[in-house]
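Below, subunit A partners subunit B and then partners subunit C, in two separate complexes.
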Partner chain A sequence: MSRHGRLAVALLAPGLAVLVVFLIVPLAMIVVISFFTYSPTRIWVPVPTAENYGKFFHPYYLGVTWTTVKVGLLTTLACAVLGYPLAYMLARMRSRWLGLCLFLLVTPLMVSSVIRIFGWLVILGKKGIVNSALEAAGLGAMDLLHNVTAVVIGLTELLLPFMVLPLMASIENIPRAVEEAARNLGATPLQLFRRVLLPLSLPGLVSGSLLVYSVAISALVTPALMGGRKVRMLGNLVYDEVLTSLNWPFAASIAVILLVFTVAVMVAYLRTLRALSRRGGRA
Partner chain B sequence: MGLDVQALVKRYSDTVVVGPVSFAAAEGEFLSLLGPSGCGKTTTLRCIAGFETATGGDVLIDGRSILGLPPNRRDVGLVFQSYALFPHLTVFENVAFGLRLRQRPAPEIARRVADALRLVDLAGLEGRHPSQLSGGQQQRVALARCLALEPRLLLLDEPLSNLDLKLRIQMRSEIRKLQRRLGKTAIYVTHDQGEALALSDRIVVMSAGRIEQIGTPREVYETPRTRFVADFIGASNLLAGVVEPSGTTIRVGDARLTSSDASVPGPVTVLIRPERIRVVAPDTAPASGNLLSARVAEVVYLGEDLQLTLEVDGGISLAVSLKATVAEKELTPGTAVGAWIAREDVRVLPSPEARGA
Partner chain C sequence: MAVGGEAVRRPSRPFNAWWILITVVVVIYLFLLAPLLIVVAVSFDPTDAFRFPPPGFSLRWYVAFFTSETFMKAFFRVSLLVALTVAVLATVIGGMAAVGLVRFLTRGRALLETLFLTPIVVPEILLGAALFLYYTRLKVSTSVAGLIAGHLLLAIPYVVRTVSAGLIGIDRSLEEAAMSLGASRAQAFWKVTMPLIRSSLLSAAIFAFIVSFSDINVALFVAGPESMTLPVHIFSQIVWQPDPTIAAASTLQILLIAALLAIAQRVFRLRVAL
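Let's turn to the complex of A and B:
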């Protein structure tokens, strides 16, 4: 091996070791346990079975899966729609307030989940600000929490920076002159976005979406507190199986299914976007 | 009709960046905005293109104001200094961009793109991406992208400044030829006086947001109106002098010069172009013009040209440029010579103090 090769291995080794020990091995263990048999007394016994997966294909669990994917996609969409203008503004900002704006952007990540969600309870709760306003207007209060929308709102707030930061980096790489050239050639603001900004910022949009989606579908605290019993996601299911039912094999199989779903949706998403960008480039 | 810029002003909060400036370009005219960086030439161009909002004044094309129109509806083609090609599109799609926005039928797009690429000599590179092109080729694509739309007006913002010298000179003659052939009115922003002189029908010389002079290349070079124009365009000897009460002679240091420029007594700036000074034998007695006795202080050989510094009796020094020929071989530092300057080559400009007053 050349000296460079050895140096590269030496530099990569610690990171790889961490990945192998704390990610690959536990993941492999989860896959293995998911094929073990549940035992009420010993949690699991090493008897191979596909029963855990079979159990999953029950309408209830499929419903939870659908909710999870739905929450993930809606959160990603909300983050993209809300985040793009924000990312564009921040990327083009030449003011000394940029630092402060970036700080404000990431504050949701610095606040404890419980406190952050408590804020939403104050706004959306039964006696919350929105309901008080509705009552004052004579419209009567309603349950604004405990539905998919509430969970998506909570997750969007939390995950917006994951969308905005990579998007911002992407947009910063688009020279101003390129935008102006498009305008000069007759593009309306919408056409500029569709034909120039969007295709050129696609890498940022893709990485932002993948980050938001993967964090959203494995969310635990936000759906538990804002969705309650009515909006259950796969993460909550795993949590309950591990800590309440102590059915680890089933929890493991749910985790594997969650992983497969994440990867599947990401691949489908990447394919679609690539196809879209190719078409956007031509037409 | 062409372009008419009327008392255009651009102000940022309280700082006036441009103006008021007024100039007009006739149909088919090649007009350059020339000045050092920060003189407002690019801002003026961007006001015409619609990327800056004018604070005051008006911009008319064919007699109609365009200031109310957004950039995409002004129908002026802008070629950027950085080319600003779309990196995700091929050469063909870059040139077709504007035509696609206008939803032209496909055969027309194909034809017009092909025509535009042929104009700039790029036929055959349709499928390449901008990153696969040289700087000169990217420049041509940018030009073709503009020309394909047949805009009313062609705006060029320092389009050659990112090219190397040889290519720059080649491209500038191509741009000029194209512009002549298409008969398009062109506004060309540059800080390179050589480019402006070579390309333009007329030059607008700008400094600190104001117009110093508008004229043909010959006019701004031969008869600059201000010290700034004289200094910025070409090499120059600029000397502080005083017009004597008689009004016929100008005292510069201890020397006296006569000029064909009419002048009123008082302080002035005298401009003498280095190539207009003739180096003669010290004992020549000319019939007319000015003869100053001088000594060669420095000789710089530049191949084609010879650059001399002459110390004239009376404490002035003059830069002189000569065609380098065998005859000048004996010009070595210390040689006593005569510097002969025709009356019409002594230009009288207002002195900087007079201008400030």
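Let's turn to the complex of A and C:
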């Protein structure tokens, strides 16, 4: 091997070693375990079976899957609706406030999700801020948590920046002149959005949506703390089967299903992102 | 006449739309920042009633935080230690990989780049679950080292991306110029390229630190009783006995992360890494 090639191997080896030992082997193990037979005494026995995947079609687990898909879709929709105005504003800002606005967008994203969920519990909890306001107004306290809406609110707040960043990049690529031309021709703000901005920023919207959706469907902490026993998602199933029920073959099969699903969505996301950067490069 | 009427009305329309947009954006920002602001406010509440606005000001819950042995251990001896180790290791390993990818590979580069980004594609809870089963199978106790390995996986893609972006922006003829002036290849790299990618290395390290420090999804599976991180401890406190000490601990995390991001933003464009 050439000196050049040896250097390349030496530089890449530690990173590849980490990926193989701590990512590829453990994931391969999960796939294998998902086809093993569950044993109450020994957790699993290496007898191949498809039973774990069959069990998934029980109405209860299908219900959990449906909740997961529903929460994912609603969260994506909410992020798109809230993210668009924000992304548009940031993309069109030229002032020195832009740095601050980006900082305020990224900081919540980087703070641990458990802290942000804790904030929502203080706001929406049984003795929370909203409920004390309701009581002060003479209305009774309500259970604002433990429903799909609460989980969607929590996840939307958590994942909004993931929608805004690609969308903002996409809107930045639309020349201002295009917008001005539409306005000069008499387009109302709504027409401008529907006929000009939306079609031209579609790649950003699509990649933001795929990213938000793929992270939302693997949520664990948000449904655990805000949904409780009433709103259970696939992530909660994995957690309970791994750490409480100790049915690892079943946990592994749910994990594989979730993995296949998210990887498919993420591959689509990376494709749109690449298309987006190519377009940006040409513009 | 109709045209004239349009001309009079037109200037005011974008102006109004702009103000509506600003109002909407401010409301969205309030929604985005509400949980953090509330957590910070509650941490100064002299009572444990979680009221907003707090009826007074006290540092009682900060005293409770700094005198709680479990919180101290989770914050300093686990979370901080793990995050610093991950920042150093991920920057070295990921930085080397980025140099290898950008400078030494032509064939197979796209494939390896994709491989280095795969940990982002895999949901964090599945990384956590897979690592937990893996460690148990290997009969390795779930220790601080296991946690560091899990966080390395989360951090390396950020580092590879940030440092690659830094490297791609550098003109290679600078190194060639140094070499034609008598520098060896290694000298040219250390003296010319390294100073130029210092800012991307620093941001990469900061991102790696933050990713590890605020992770909950991997730690929830992998952290054992001896390696309980701050987010995991906060999670179990919320479930078992929520009191504003959690808010004090959270406020400290928010401050630390905000300060680090402010540094990162000074030296680097935040958006490249994300």
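In the analysis below, the second predicted complex is superposed on the first by the 228 of 283 C-alpha atoms of A that agree within 3 Å, B and C clash if a C-alpha of one lies under 4 Å from a C-alpha of the other, contacts with A are read in each partner's own complex, and residues count from 1 in each chain.
Following the convention adopted for this analysis, a contact is a pair of C-beta atoms (placed from the backbone, for glycine too) under 8 Å apart; a residue touches a chain by one contact, two chains touch by 3 or more.
Source: prediction; values computed, not measured.
Undergrad: Is A:196 touching anything from subunit B or subunit C once the two structures are fitted on A? First, second, both or neither.
TA: Only subunit B; A:196 stays clear of subunit C.
Undergrad: Mind telling me which of the two, subunit B or subunit C, contacts the most residues of subunit A?
TA: After superposing on chain A, more of subunit A is contacted by C.
Undergrad: Based on the superposed arrangement, let me know which partner A:186 touches: subunit B (first), subunit C (second), both, or neither?
TA: both
Undergrad: Determine, under the contact definition given at the top, whether A:122 touches first (subunit B), second (subunit C), both, or neither.
TA: Second partner only, subunit C.
Undergrad: If we overlay the two complexes on their shared chain A, which of subunit B and subunit C does A:259 touch? Say first, second, both or neither.
TA: Second partner only, subunit C.
Undergrad: Taking the superposition as given, does A:36 touch the first partner, subunit B, the second, subunit C, both, or neither?
TA: Neither subunit B nor subunit C is touched by A:36.
Undergrad: Going by the contact rule set out at the top, does A:11 touch subunit B (first), subunit C (second), both, or neither?
TA: second
Undergrad: Quick one: classify A:250 as touching subunit B (first), subunit C (second), both or neither.
TA: A:250 sits against neither subunit B nor subunit C.
Undergrad: Per the definitions at the top, what is the overlap between the subunit A residues touching subunit B and those touching subunit C?
TA: 183, 186
Undergrad: In the complex, go through subunit C and note every residue touching subunit A.
TA: 6, 13-14, 17, 21-22, 24-25, 28-29, 31-39, 42, 49-52, 92-94, 96-97, 99-101, 104-105, 112, 115-127, 129-134, 137, 149-150, 152-153, 156, 160, 210, 213-217, 220-221, 230-231, 234-235, 238-239, 242, 246-247, 250, 253-254, 257-258, 261-262, 265, 270-271, 274
Undergrad: Taking the touch rule as given, give the residues of subunit A at its contact with subunit C in the complex, in rising order.
TA: Subunit A residues touching subunit C: 4-5, 7-8, 10-12, 14-16, 18-19, 21-23, 25-27, 29-30, 33, 82, 85-86, 88-89, 99, 101-123, 125, 127-129, 132, 157, 160-161, 165, 169, 183, 186, 189, 214-215, 218, 220-221, 225, 235, 238-239, 242-243, 248, 251-252, 255, 258-259, 262-263, 266-267, 270.
Undergrad: Tell me, which parts of subunit B touch subunit A in their complex?
TA: 49-51, 70-74, 76-78, 80-82, 84-89, 93, 97-98, 100-102, 142, 145-146, 149
Undergrad: Any idea which subunit A residues touch subunit B in the complex?
TA: Checking each residue of subunit A against subunit B gives 175, 177-178, 180-188, 191, 195-196, 199-200, 277, 281-283.
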